[in-house]
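You will see chain A twice below: alongside chain B first, and alongside chain C after that.
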Partner chain A sequence: MVINPGRQILLEVKNLTVRYRQRNGFGWREKTVDALNDVSFFIHRGETLALVGETGSGKSTIAMSILHFVSPDSGEILYSGEDVWKFKRAELRAYHRKIQPVFQNADESLNPRLKVRSMLVDALVPALSTEEKNRRIREYLSAVQLDEDVLDCFPHQLSGGQKQRVCIARALATESEMLILDEAISSQDLSLQAHLLKLLSELKKKFSLTYLYISHDLETVRVIADRVGIIKDGRLIEIGEKDEIFNSPEEPYTQLLLERSRF
Partner chain B sequence: MPQDPYAQNLEEISQPPSLAHPFGTDFFGRDLFSRILYGGRLSLTIGIVVTFFAVVIGTIIGMVSGYFGGWPDAALMRFVDVMLGFPRLFILLTVIGFTRPSFGLMLAVLSLFSWMEVARIVRAEVLTVRERLYVKSAVALGLSRRRVLFRYIFPNILSPIIVSATLMVGSVIVIESGLSFIGMGVQPPDASWGTILNQGFQDLAGAWWITLFSGLAIVVTVIGFNLVGDGLRNILDSKTGVRES
Partner chain C sequence: MDRLALDVRNLSLSIQTEGVDKSIFEDVSFCLGDSSLLAVVGESGGGKSLLCKSLLRLIPGDARLSGSAVISGLQTPVDLISCPDFEMESVRGRRIGMVFQEPAASMNPVMTCGEQICDALPKTIRIDRRSARRRTTELLEFVGFKEPSRIARSYPHELSGGMLQKVATVLAIAGEPSILIADEPSTALDAVNRFELMELFQRLRNEFGMSILWVTHELRSALTYADELLVMYAGNVMESGSAAEIAEHPKHPYTKALLDVEKSFREPDGPRPIPEETLPVKKRDGGCVFAGRCEFAKPICRNEMPKWESDQRRRGWRCHFPLK
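Here is the complex of A and B:
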């Protein structure tokens, strides 16, 4: 792991541990399950870090913890050097606007009772004038290559790809600095995946974004990532530059994942 | 056809159904059809007004409880348990027994003791919906809690609220009729269906039409509201119904 002194660390996760408590049917005997065990990594401003792991490895828990939805049992999450879990409500709301999630299930991520226009307006800075809001909405729509027709649609009137683009547009509309892409394109078909990957790369340049790209799919990771971390059973077992991980993986598990993905 | 429901006609006491009086007349010669129509106003008003207040109270308490969780939730839910512990009918009888029976009092007491079920339903719905990704996404937009609650959660729990409200109208009408039947509800000469039912009971063998038609009015109305409620549930609930998209 080489820390490049010229680059600023945007997000740092330090010794993150999350346990889920399970009770048996009678409420006796609590059992704890380690979802994450002592996970540490950082993301430079402007880079794409991919976290790869199988289903249930805990990679989504990392996203939820960074998003302030799952509280860590120990460890810290630092955004621009500030502890996210010590934020007061106003600071938290400001922080939330800077890091935006895009989830795998676009269907579930959009309020079924709101039109696309209202959703995007909700994401914009409230103080803007109406004309400025409309201008920005058009800008973000064209950035994700959507027609303006979708503005008056409810989510169920849109296709899967359109919905995911609306989610991305909404994430951009908060003037975010970082997107957390939790399997964001995994449920789309292959040609659409390629398309969305290209779109994500363009958006990253255009809006100077930082990505945390969470996926089980090494092929898309190979395309988009700068650095790659491998998660297994709640531990970060290996992290490094993309080329290092893909060309000379050290851990046997990483080698296994790579072999499987060659099919 | 409807006549003055209060006009007594001593020449036509206890007449069986005829062309002039399709439901017959009561012991004071008043046209029963007109009285049942007018009584429906009272019964339906009570059913709908009580349901309205119960739904408003229940929704507010359920939303606060479900969304904020923690000690407000624990406190409110224990309060709901306590309220459910009181048998609603006996509380009503006690309160009315200490005061003079009146329309307003009945509305107030019924409303105050009918919201608990709604509160529980709403709380359960909020608990489910708040875990949805669209609510999490809304929180991540930095929206205020009020905005998340009213714009993202409330519209998505509206259908179960509508369904339970519809079903509640019927049950409130039954309770009102019960109270009026035992003389604790709407007082003569005003008549709700329960009051008329009570009158008919005094001479069931001699003037069967009074009991029959007022009873039928209650039964048909309650079944009607329940059917509408069931229908709405099927339409609004995406899990059981077929919804056009």
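Here is the complex of A and C:
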């Protein structure tokens, strides 16, 4: 791993290990499962790092640890050089505004009882005036290419693609610096995937965002990523520039993934 | 394809919402040959999943289903659309098995995989616990598990997505059905697991003589594995025919557009979506449903729904100006 001195590191994950403890039905015996084992990587500001691996390989656990939802057993997560897991309450609130997740299932991430407008307003900085809030909401909506009509819709009235865009708009509305896209476009069909990939790269330029893109699908990774990390059984087995990984993969698993790729 | 496993004719489904009949799909006809693989391709909102569920009559009570879908095979023919409910009970799982996109959702989280498979076995095997266990191990071994007894003892949350989808396939085939319906089984899987699952489907056809109806939105992999193809858009069949012919010469602009999107993922300028956003099955105003997104659309396309045309080799299409 060579750290480029010209670029600032936004997020660094150092020797992250997460174990899940499982008990059997009666709570007698306890066994531990290694979800993540000594994972280290970093993300430059303005970069897209893709993490690829199968379901159950630990990709999402990495996202959860970075988001301060799952506590690591050992290791550190540094955001702009500060340890996320040592944050006090106020710092944590500020951190959660800067780093926002977008998940695979938009239905589960949107509150079915709120209209799109109130979901977006809730995400904005509370101190703004009403006019300013409305102006910003319109700005974010047009950034994700949605009509203003959706503001008065409930999530169930929207199509899958529209819902996922609402999720992205909400993630942007907190003035975030980094998005964690956890299988955000995986379950959509190809034309919509193409649409969203294009949208994501436009947004990245417009709002100078950093992406952590988590996926099982190498084809979309090929389009969006700058660097790629391959995860298998809780270990980061290979990480490098996109071209390196796609043209000369070293690990047999990466080679297999590429060989079996769908086109 | 000489013998037919499933013969679907003029199947239509509409659901009442807020007092208005909303058509989900219309006039769908196709044949599934004995031990062949038919792929239903199209984008979300095209009515593919509801087509699968209609064949098993797993649709809401106020939905209106018409047409016929006859399963033949070795046993007596049954019309899935008009047969009484009790007969349907013996069809689900016994004559038609089903695999869904989300394997975890089709399993019971508090039962081990082995127990669930035992429950799905035919009564003749289930009657004796030892033979049920043996059969479970056999089936798990068949789908490619090296330690079948460990898998049988595991709970669904202990397995990875690829493994779960294989267990779900075992659940679907445990009742020894002759037809397997798979609704986007590989969408949530990574490339390696997807490949293994498709290999497994091929073996089910070759070794068990199973006929498979496979729903997917990936045209490229459908063309690789399927014998026959059915391309659906907004509840209408746009094109059907053998996979080899469609790969060579797509007749419908929609088929071509889908192929182009897949190709564009590898291009340096990045992926190009089909113009305009996909809407859920929209209200028809007479014209072709695809006209709004079609690059070859002419005025007539917006006003008149094209008729279904077909040639002698069971190739069919629904377009005023089929591609050469």
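We adopt the following convention: the second predicted complex is superposed on the first by the 261 of 263 C-alpha atoms of A that agree within 3 Å, B and C clash if a C-alpha of one lies under 4 Å from a C-alpha of the other, contacts with A are read in each partner's own complex, and residues count from 1 in each chain.
In this text, contacts are C-beta pairs under 8 Å (C-beta built on N, C-alpha and C of every residue); 3 or more make two chains touch, one makes a residue touch a chain.
Just so you know, these numbers come straight off a predicted model, no measurement behind them.
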**OP:** Look at A:195 in the shared chain and tell me whether it touches chain B only, chain C only, both, or neither; answer first, second, both or neither.
**Re:** second
**OP:** With the two complexes superposed on chain A, say which partner A:69 touches: chain B (first), chain C (second), both, or neither.
**Re:** first
**OP:** Report for A:123: first if it touches chain B alone, second if chain C alone, otherwise both or neither.
**Re:** first
**OP:** Mind working out whether A:159 is in touch with chain B, chain C, both or neither, as first, second, both or neither?
**Re:** second
Original post:
Of the partners chain B and chain C, which touch A:109 in the superposed model: first, second, both, neither?
Top reply: first
Original post:
Between chain B (first) and chain C (second), which, if any, makes contact with A:213: first, second, both or neither?
Top reply: neither
Subject >> chain B versus chain C as contact partner of A:54, first or second or both or neither >> reply: second
Subject >> When both partners are placed on the shared chain, which of chain B and chain C touches more of chain A >> reply: C
**OP:** Using the superposition on chain A described above, determine whether A:100 touches chain B (first), chain C (second), both, or neither.
**Re:** first
**OP:** Quick one: classify A:261 as touching chain B (first), chain C (second), both or neither.
**Re:** second
**OP:** Using the superposition on A, tell me which residues of chain A are in contact with chain B and, in the other complex, with chain C.
**Re:** none
Original post:
Across the complex, what residues on chain A touch chain B?
Top reply: 67, 69, 93-94, 96-97, 99-101, 103, 105, 108-114, 122-123, 156-157, 167, 170, 174
Subject >> List of chain A residues in touch with chain C within their complex >> reply: 52-57, 159-162, 186-195, 197-198, 201, 216-220, 222-223, 253, 256-258, 260-263
Original post:
Taking the complex as given, what residues does chain C use to touch chain A?
Top reply: 43-45, 101, 159-162, 164, 187-195, 217-218, 220-221, 257-258, 261-266, 270-274, 277-280
**OP:** Under the touch definition given earlier, write down the residues of chain B that touch chain A in their complex.
**Re:** 132-144, 147, 151-152, 155-156, 245
